[in-house]
């Protein structure tokens, strides 16, 4: 009994509950005539697809800026990169990396401005981040209408103006990363390329937090006063973390798109931050402390739930409850984190 | 003092619920089907008439022809119906006024021939799927 | 037959986590009597008042010893609200007023006059409407009792500080039951003329039969106002005396007068070689520790002490020079001007600072010891880093960090499981040692140490002081030590400057008499003879 | 001196003034007639003011913008669904909907208050997330509860599968009953007097409430929780009451809103209610910590003026009505972001000023020169 309690304490109650729920889903999957191998494979694909975006939250959490509800800013940068790569008709890996490469300077610029704002509003970051994200997405709605792209893939053929709501990447770089070194055993498909890429990004973030600047950033998040007394420019560290978060968000969305197959413009990026935030918190992160372990575990659990609930519950109950379960789990997770006693230290 | 407050609050709660019930009953909208078709009830047959003017709760009358069924809407529980049966020439030959009250069911069927003939079963709950 | 006193406290004692802060305090107070309570910071005044006022913190830390009688009945308040009901009003050091409310609203806060409204029966008492005219009248009466002029309709945020203080006192005396009023440093924020008005008002209150306990560092006020004084030192009553016939000098020596049994270990007369740090007209904007205009020199190789009462600005000096709070004036370090408001610059120049705010500024509580010790050295001097890719990337060297930390864990005897233990898990004394280690790791030429022994036990105190002395003697580090404990300063420093109201009150050799220090600290001895040594 | 105060007025009303200028420029571009615009404004004021007014009390209690008002809107919607299903029509239906929404909103408001008391200092982001969270619960109830647990008589409201409410439902029973109850024509303009009377009553309620002990306590809590607590005010309870009042009123507001529209977008009407109400209030010049009844009216007016005008102005300007529509969405979000940033900045400046006042009067002037 004591051991169980200790385990729950160590893993965190929500993680235990969600983990248990996920195990249950996998256990009953065969009853619902669902291939477990297929489900695991789907979960892994979605995990790799979303992993980088969840990872993108880590720098800001670590530097004490809180949960990056402003992730849409990075996503917009990623969309710009992707659009340019399609516009210039670059295909395959070249196109993918071009998209990432081009999105980075955009992300850096957006992140810098965003960082400046966040430095002025210490203590209120999260709410402001949310609305900075929302308003930038809605501003970009106007931009998508006006930007002078010409590729027929992405503009309305007739009757409309501006870019399409969804732009297919299938002719350019659909699944180039997913299929790299991928293999299939029966129903089980493994997107090796995406996992290698995710591992590589994790390695970069891990490495970054081992550098002098990364160490300083962690200290800023842990106790900004201490860091200041040690001669660290706190605002600069926070800005760097925001830029980093935004850049990772840009890369994250490109990875997502090559697997998903479409760019979602207009209101597409609106709510993309919330699942990522929920996944990170589900992984055991708190508002001011997050590790790569949290990222991996959280993304797996969250995407597992997202993959399994529609298929299992739908076939068992003949209804589609997945959307609500997703809403309740993810937002419940965020509320849980916000109301926890341990609060951000200032 | 405390007791008075309790009584006041209980009374308020009661009033609240009572008002709710009152509104529920009094504001309930009913679909009324005015039916002018020949019906046979058991061994008795009630012939439809050529046309009639029907007025519900004293509102402006509507005209109904043979074999017609007109939908009307009534709000609340107690109502009055007035039927003026006309001959082919448009002359009123028979008038009948009835009071009736509606239960909580939504749709009711009023058989005008039965009403005119004085059969008490002239108003009935109308169930979808039947008839 | 003597009348039963209003308040009688018998054998009051209190321990915080095994740390004794009050022992066997006896106190009696008659109706209409004014008691001046004096003592250094940490002498136990605040704790005594907390016990009297039933503050929850007392109960949470195991209650107190002894008995209290109010009007002859034994009392033991569970919460400040009980104390208020019992007739004790308290005016705290920090204002307890709502800034956007008027004087009237604040005086009547949560005791508003109301008119009946029928909705009360449904939704409870609080739906009564306020009876503002009655409130205003009542508030005006309370202000009148004080004999001051405060506009009952003025908003607190638009008021001068003095009026806020009066508002707060008016609130306390407005309660019908108030028999005893405790004022904790009420004049600290007032100008002299305001303070004089306050003293007069309090006298008037006392004449109406209210007993007053008056805590202040301004001894002249105590003498002017009080009937008798009670001097606390180290949690014990040192002296209870009528004010009549008592002089400031006497009180000062009672307050600080510990005999120096602690002989200096190396009595060699140390001569000032050359000034290493020169401070000219420094001002620092540190909340609660404002430095207004301070100039002094620190000699190479000495231990320079800065003393003074809390809130007078002694802490601000170090925080200002180290760039932690906005500062101005000129600081010259080894002949070169030091850029102010730049913590990195100060550290790079070879200074280090052990902050008085150990948990807030001094430590990364959630990180391990090695991070705490090595962090500053790493960030400022690039230690504990290894270069990758030909110096392109500088990576944290965990091994070097651990060994650096271990070095100090051994040297300072930090009690811990390993260098990976989190700082939050250590005891206060060990945390302080980690802070010292962090400063030592930078290898500073000048070390600022602020309140190094605050909140740690006696054994650890000695160790910390010895460590500081050791560093000074053997490594030649110049030390500026700031402390509220005069004895501590006298036991270790060469020269001691006393700060009062943001200015240097004087500078004395550590061997000067306790009375002289006491007078300087209490701002009563400003004169040419003691001000010698102040540039 | 006078000049300065004029400048101060300009600065403190910058947001409404900017909107006024923007709208003034856009009106001729839109090509709408004056009478059309006035009619629109009158209708929209009657429709929206109540919702926006419901935000005032939590602001006074220092809890910021109550993003949790969407919970009240959900309560109102559930009540409206029930009333429509039972076919309670006319004024009776409307009143009954309000009565049914009361206990639902009460419970939801209590829940919100409890949660916000656990998240002091970040009430806004928490209430915002709570809105999303409860959206899931709401969907669950409406998509599965109705028809499965809660009997639904009117099958036209159900999805074809036999349970769950359709995406859009027709509220013909209560459509505009309040508006038409006392429609007064002033010149060519139809004025829904009854709606305005309800709003006026609400304003009176707020004014009266401010004068009660509870209102006084709320303001005290809003300004300084610690002081209020030490004065013996039940801080947590007061905060919960503030949120409950706001939630219940938001429920009524949503009912008034829906009766005017006449149809209900089952799954996102409440979300829009929240965002538009908050944006309106802020455009009216309110801040996170201070809002008045005037802010509400000015804000609703300016926000909806922009709302009506911008698509047509966009069309004239750019040839695309869509642009104007995106623009107004951008403005709604942007204004909230801006207001939050301004609030944070102001709080920081106040803190700074507080510190300045602590600084000795005769200290050398800081900042410049050093």
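Things worth noting here:
Going in written order, the chains are labelled A, B, C and D, and every chain counts its residues from 1.
Here, contacts are C-beta pairs under 8 Å (C-beta built on N, C-alpha and C of every residue); 3 or more make two chains touch, one makes a residue touch a chain.
Note that the structure is a prediction, hence the values are computed from the model and not measured.
Relative to the centroid of every protein C-alpha atom shown, the closest chain centre, again from C-alpha atoms, is found for D.
Each chain gets one centre point, the mean of its Cα atoms, and the points for chain A and chain B are 61 Å apart.
In whole angstrom, the spacing between the mean C-alpha positions of chain A and chain C is 48. Work out the mean CA point of chain A and of chain D, and you get 31 Å between them.
Touching chain pairs in this entry, ordered by label, are A-C, A-D, B-C, B-D, C-D. Listing the residues of chain A that touch chain C in their complex gives 207, 210-212, 214-216, 218-219, 222-223, 225-226, 228-233, 289. Interface residues of chain B facing chain D in the complex, by the touch rule stated above, are 16, 19-20, 23-24, 26-30, 73, 75, 106, 128.
Looking at the complex, you find that chain D touches chain A at residues 115, 118-119, 121-122, 124-126, 128-130, 132-133, 135-137, 139-140, 143-144, 318-320, 322-323, 326-327, 329-330, 332-334, 336-337, 340-341, 343-345, 348.
Taken together, the chain A residues at the contact with chain D in this complex read 69, 117, 120-124, 126-128, 130-132, 134-135, 137-139, 141-142, 145-146, 161-162, 274, 319, 321, 323-328, 331-332, 334-335, 338-339, 343. Note for the complex: chain B touches chain C at residues 4-5, 8-9, 12.
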